[in-house]
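Okay, structure first, notes after.
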Amino acid sequence: MIDAFDSFIQKLEPQLRTWRRELHQQPELGFLEYQTTYKVAKELEELGFTIHVGKEAVQSDSRYGVPLEHEIQEAERQALENGVPEDWIDAMQGSHTGVVAKWDTGREGPHLAFRFDIDALPILESNEPEHKPHTDHFRSTQNGIMHACGHDGHTTIGLGLAHLIAHFQSQLTGTFTLLFQPAEEGGRGAKAMVDKGWLEGVDQFYSGHIGINSLPVGTIAASTEGFLASAKWNVTFSGQSSHAGMKPEDGRNALLAAATTATQLHAIPRHSEGISRVNVGKLVAGNGRNIIADSGYLEIETRGQTKAINEFMQKEAKRIIQSSASMYDVKVDIEFVGETEKMTCDRALIPLIQEQCQQSAWVNHIDPVAYVSGSEDASFMMNAVQANGGKATYMLFGTHLPSNHHSPAFDFEEEVIPVALAAYAHVLRGGSS
Amino acid sequence: MIDAFDSFIQKLEPQLRTWRRELHQQPELGFLEYQTTYKVAKELEELGFTIHVGKEAVQSDSRYGVPLEHEIQEAERQALENGVPEDWIDAMQGSHTGVVAKWDTGREGPHLAFRFDIDALPILESNEPEHKPHTDHFRSTQNGIMHACGHDGHTTIGLGLAHLIAHFQSQLTGTFTLLFQPAEEGGRGAKAMVDKGWLEGVDQFYSGHIGINSLPVGTIAASTEGFLASAKWNVTFSGQSSHAGMKPEDGRNALLAAATTATQLHAIPRHSEGISRVNVGKLVAGNGRNIIADSGYLEIETRGQTKAINEFMQKEAKRIIQSSASMYDVKVDIEFVGETEKMTCDRALIPLIQEQCQQSAWVNHIDPVAYVSGSEDASFMMNAVQANGGKATYMLFGTHLPSNHHSPAFDFEEEVIPVALAAYAHVLRGGSS
Amino acid sequence: MIDAFDSFIQKLEPQLRTWRRELHQQPELGFLEYQTTYKVAKELEELGFTIHVGKEAVQSDSRYGVPLEHEIQEAERQALENGVPEDWIDAMQGSHTGVVAKWDTGREGPHLAFRFDIDALPILESNEPEHKPHTDHFRSTQNGIMHACGHDGHTTIGLGLAHLIAHFQSQLTGTFTLLFQPAEEGGRGAKAMVDKGWLEGVDQFYSGHIGINSLPVGTIAASTEGFLASAKWNVTFSGQSSHAGMKPEDGRNALLAAATTATQLHAIPRHSEGISRVNVGKLVAGNGRNIIADSGYLEIETRGQTKAINEFMQKEAKRIIQSSASMYDVKVDIEFVGETEKMTCDRALIPLIQEQCQQSAWVNHIDPVAYVSGSEDASFMMNAVQANGGKATYMLFGTHLPSNHHSPAFDFEEEVIPVALAAYAHVLRGGSS
Amino acid sequence: MIDAFDSFIQKLEPQLRTWRRELHQQPELGFLEYQTTYKVAKELEELGFTIHVGKEAVQSDSRYGVPLEHEIQEAERQALENGVPEDWIDAMQGSHTGVVAKWDTGREGPHLAFRFDIDALPILESNEPEHKPHTDHFRSTQNGIMHACGHDGHTTIGLGLAHLIAHFQSQLTGTFTLLFQPAEEGGRGAKAMVDKGWLEGVDQFYSGHIGINSLPVGTIAASTEGFLASAKWNVTFSGQSSHAGMKPEDGRNALLAAATTATQLHAIPRHSEGISRVNVGKLVAGNGRNIIADSGYLEIETRGQTKAINEFMQKEAKRIIQSSASMYDVKVDIEFVGETEKMTCDRALIPLIQEQCQQSAWVNHIDPVAYVSGSEDASFMMNAVQANGGKATYMLFGTHLPSNHHSPAFDFEEEVIPVALAAYAHVLRGGSS
């Protein structure tokens, strides 16, 4: 049967590459993945999966950072224009993107869940000659939006796994849930699937990431340590505009409040008990050159190796934001828009993964643990599974990285896709046997 | 004849109000005044003026801060949609807005020029109950664009003056040039009309402003002192994006460079020899919350009571901008996008204005000089006229102001419009007699 | 009699130079002028003036910014060491420096007051070859203390005027009060003399300054416009120290609170209604390199062309200081330590000064008004005199300045001293006649 | 023999407490430990050790951050006043403090070195009722100087170890070097002893610290991980003073350059590969309130978990310092004044320590490794020993800590002193057997 899995994947490889490149060309931001959701759901429906989209898939009020109304409408308009049927758009209406697909073998066995994140990032993709998606003509067609974190690869792996399940259905036992999650960036989408109950009764949960650490293709890690708890906020300062030449003293400068917040937030003390992070990723303030700015907007994020450290960061950040507002006599609104939790992979899954994956010809080397940083809202799913007695892990799939995640020249070796698919496939066989 | 002028204006008053409110509802940003230009030019053409628009009116490469290509296209598209004929749009294509209208009486006499600025500001107009344009239903229909400086009034005065010239043509002597100038805000449009040669041969130049100082309607000032020399720049920082959680040290943070620039620019020392100003009116930086920002953009402005003070401000600002860039190891591009000069009104015009205007029933009180601040690119026109031996002044037309210029609740008393028109009309009679 | 005054001053000139250089070599900071006070008081006592020192001269609790106990003790120790008798030190004990000297001619006539400020600044005097006090060997002997504002000259003029009064006593009428005021820098000493009642009953008040504007020797100004209202504060932040390597997160960083205050204070908006100033002149924070700083101390000053502008500056400054404290979670104490008021010279004195001074061969040119900036606590005295119906002015005495006031290479032309003395002398004759 | 060691220490305990309290009352800053050096050297000389002080003990030009001349002279004056003989002061003259004491048993055996740091910190000791040194009357007698890191304890342990060696001399083999190192704070003294050659030929090197982690007395750690590489700099900005009211634009503000540096340094990105630190511990700028500050001085420190991270911090810091200088157009001088290296304890020593120390009744529990942060210039000594084939470790001696190291209320349980002495004693027996 090993041979069968490996060789099925080998035959699927050209299709995997095609899927990945199609997805790469049509990236969509978090909670705006109308076209990606349709593409995935349609494919899985045809394979025989039971499909759940829209408010069946995600809990409406558990979503963080839902886009603005006009952004949603524009995305729905474009989806329609690009061939997504109207009834599908109706189902997803108002940013209810993402798919949950279930397969019940009808035979007794454990319930395994696999999670794939599908959203892209607001980055203008590189058009440098050394950037392969550019030279091989599958660069993003969406100006300023890019799959710069590899979720196009993740979605492709999920499509491959679905085909494999359908193909080998007669030999499998138990139940499989495939979660194609929206809005992972910013920690905004996972909780909405958790709160809909999709992780209840799951015995084993698997997710993972392409890259992160730059490793040779063929190397995988059975678990990870180091993902950080995180919190995401939008901050809006409201001041008073005035003519900058004629009445500067009548202005209450929201731009300076925002700028001061940015520099001072980055100066929050490092924490001695572990990793901490803070970032102001976006700042938009003011209207015109000769007007004292009456508005300032920030998108910020804190992280901590532990929940306590992240709480320290949040406490410091809040005080700095409020003090910056009072410094310039402006009002401030702090909106909580996303979070991830600390995650702990179950060590019990490591030998199981090692045993299964070493039987695959696609996998050369298995690290028991990879040390990473960053944050992942798969943490919500893992914590939900573990709270109910299930086991969960978050894996890594090696590829060399020409450039950092979230940078305009990010790319990965496409050979990692069949490797990751093989790993999940063998895990699936082992887990469900 | 006095009676004739005053009573003509009295009959025109309802029309003046209508024009003003139409213009107020359809504000257009600098160099995007396609609809305003067409409205004015069409009206004057019908009155018998010789009309110059497009590259006849403005010197293409003397314009500062021309909008982005996509903004221009959108404005042209909207103009077409709103009824501006295609050939007119062709004439103005690529942000060549503004009108120069000439009237030659055929009788010997001096050449008088009157200038009216026509552009609006990027401000979201107030919808508070005490804001008259809102309660009287002529609030801006353009989201985030507003006539918040009174240029709708100025344009209306120009339309009124054109009607008066046409009506009283047989009694007038000499030549009249009416300049409807684009892009006054930011000091971007005047030089382009000057460089086209329209101020050559002008004997007397008049321009002026509604409001600025809050004075009763009926009070005018024959000249002003205190307009500041100014310079306008756009600053773009380019850094390196990176994942803010995984590789913060690989980023080069253009957002922090922009934020540091903003706070530090405002700390340039006050100058002991006169008024100085600096403002960062707009700051846009970064892309997403969890990405170290690779871009930062600022719109800034310096002013000085003298050219030397403004040069001091610019020298300080440049060093601070460049040091902020080096502080965060990012690149910076400083683009010069506009300026105004120091202006000096000819005192010789004061008694002439006093003598004429006190004959108008619309004018109650004439201050010889009003003390103001702010900046005006009419300075370019005045300096050009004066360099050729002509005389020039910049007047003020009193109105109480419920809110500062450039603020969302800015408004003026509409009764100021006939007063200003009457002042110009009598000056015109006196100047051309 | 004119000849008599002028020629008396000519004979006194070598002595004036000697006094000035002795004072320059022995500068003393505000409220620590033990030796200067003694030198002046002794000299005037011998001339026959009635002398008031210590708590007779200054109101103890009206002094602002009294030095620290150990600074006072050190100054008293040094004064003793340098020959000030013990009973004099006892009289001045605890920073009660300054002298009030009175001369009653016994003949009816007005009461004229002349004020001279006697304190120096915490500046290390230049030892560059072009600095005359250095090359002519009368540079400050006190390390880091310097007469960098010309008060050595002012004190000398006062000594000269006292000699002139004594010499010409039989020809004079009325009463003369000479106020040798301590602690002008920082606006700390004048109010203490006012509150002691020394300005009551004064009919005319004269004070003035060497330099300020760089003018030729021989030119004087009968009055000044432009001195600013000002306020002086000391600000102390108290945080929590912690090991910067081991427990940075336990610190509450008073150094960063102080540093943030400094940069943000300088960014207070310029005021459209007139001149404003703000300065953080001193910042001392922290203890050791590897300790999070638990202390931060600032000396700041605001100024405004009007009382209202200065109040605006103070309001802004206070909010910024308090916000900086809350930003770093530290405590703050704001101590008010000095002020000056807006001053208005009586125009009625101008023709009187012009008439008298043009009779002196020492004076070449008399400007009715000089336009200045800076602040002066003579304003307290002038306002007190004017409140009681007297008249007051503040004059200027021209000298070219090689370097700014309050800079290490400040100096003035010694020839200004007899000119200033001649001006006061003739004013005195005119005033008291 | 175990009993002999333990009971010797028990008898010594009252003396240990006395020594510690005497040292605590007379703290001395780095390179000013004249009295401490004399006290230790005198004691060890009397025991029979061969003593090396002054330029024999430390390499003159390898010292970092030697105090200012006047500080040195004052310390030498005080030492003389407090009974240090003149010839001892001559030997140490010019900040050559510290002692190296050698004992050769004359019997073959390994060469063991023990290092004790002896300097104090510029912190004003707490006088709160809960601070034991205050209530038990051994608070620092030196205003603003305090043993706030436990070096008084370390020095005491060294004295105890010397007595034990002298007492048990006949039973010991090999050679012992006791290094009483000056100026550990700031990483300034260790290299000067290393460069003098005192670590050459050392087979085993032991040093350690009281506290750091708060642990019960009786618990020790055989090794530590986590000390950070560090670098220390003094930064001096030189600008131009000017009168803040009259000529603010002529100043070049060194205070704002220093303040900007402070806030921006703290915003250096966190490093993903390990711990980083930065601190500005001291900032002194400006002279007087109404003078634009022409001077600014900072004491800063960077740390990194690896040499590479510390180099990253230094590179960032230098660029920020230089950019702050250029931002305010001031000159800057960056002086390197100290450093510590990364240290790695030899794991081979752990079982040896465990085996020996568990034989002592004073030691209850031995952790093989303690995880710490902070920095230690013992790293220079350890690296020197290891480079020559020797082995080195850095231990921890448990005590509960009422307050952080480097805080005014720092203290430790005095019972840790005999425990640490017992640990060294048994190690010494084991190491030299």
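Here the chain labels run A, B, C and D in written order, and each chain numbers its own residues starting at 1.
One rule holds for everything that comes next: contacts are C-beta pairs under 8 Å (C-beta built on N, C-alpha and C of every residue); 3 or more make two chains touch, one makes a residue touch a chain.
Chain-to-protein mapping (UniProt): A, B, C, D = Peptidase M20.
Source: prediction; values computed, not measured.
*Asks:* Going only between touching chains, how few steps reach subunit C from subunit A?
*Replies:* The fewest touching-chain steps linking subunit A to subunit C number 1.
*Asks:* Compute the centre of every chain as the mean of its C-alpha atoms, then state which one is farthest from the centre of subunit D.
*Replies:* Centre of mass proxy via C-alpha means gives B as farthest from subunit D.
*Asks:* Give the chain pair, either B-D or B-C, that is connected by more C-beta contacts.
*Replies:* B-D
*Asks:* In angstrom, rounded to a whole number, how far apart do the mean CA points of subunit B and subunit C lie?
*Replies:* 48
*Asks:* Quick one: subunit B and subunit D, Cα centre-to-centre, how many Å?
*Replies:* Each chain's C-alpha centroid was found; their separation is 67 Å.
*Asks:* For subunit A, jot down the residues that touch at least 2 other chains.
*Replies:* Residues 246-248, 256, 260, 263-264, 266-267, 269-270, 272, 277, 292, 373.
*Asks:* Hey, which residues of subunit C end up touching subunit D in the complex?
*Replies:* Touching subunit D: residues 121-123, 144, 149, 185-186, 212, 228, 230, 232, 240-248, 250, 255-256, 258-260, 262-263, 266, 277, 279-294, 296, 299-301, 303, 372-375, 404-408 of subunit C.
*Asks:* Could you pull out which subunit C residues touch subunit B in their complex?
*Replies:* Residue list for subunit C touching subunit B: 263-264, 266-267, 269-270, 272, 275-277, 373.
*Asks:* Which residues, counting only subunit B, touch subunit D once they are in their complex?
*Replies:* 246-249, 251, 253, 256, 260, 264, 267, 269-273, 292, 312, 319-320, 322-324, 326-327, 329
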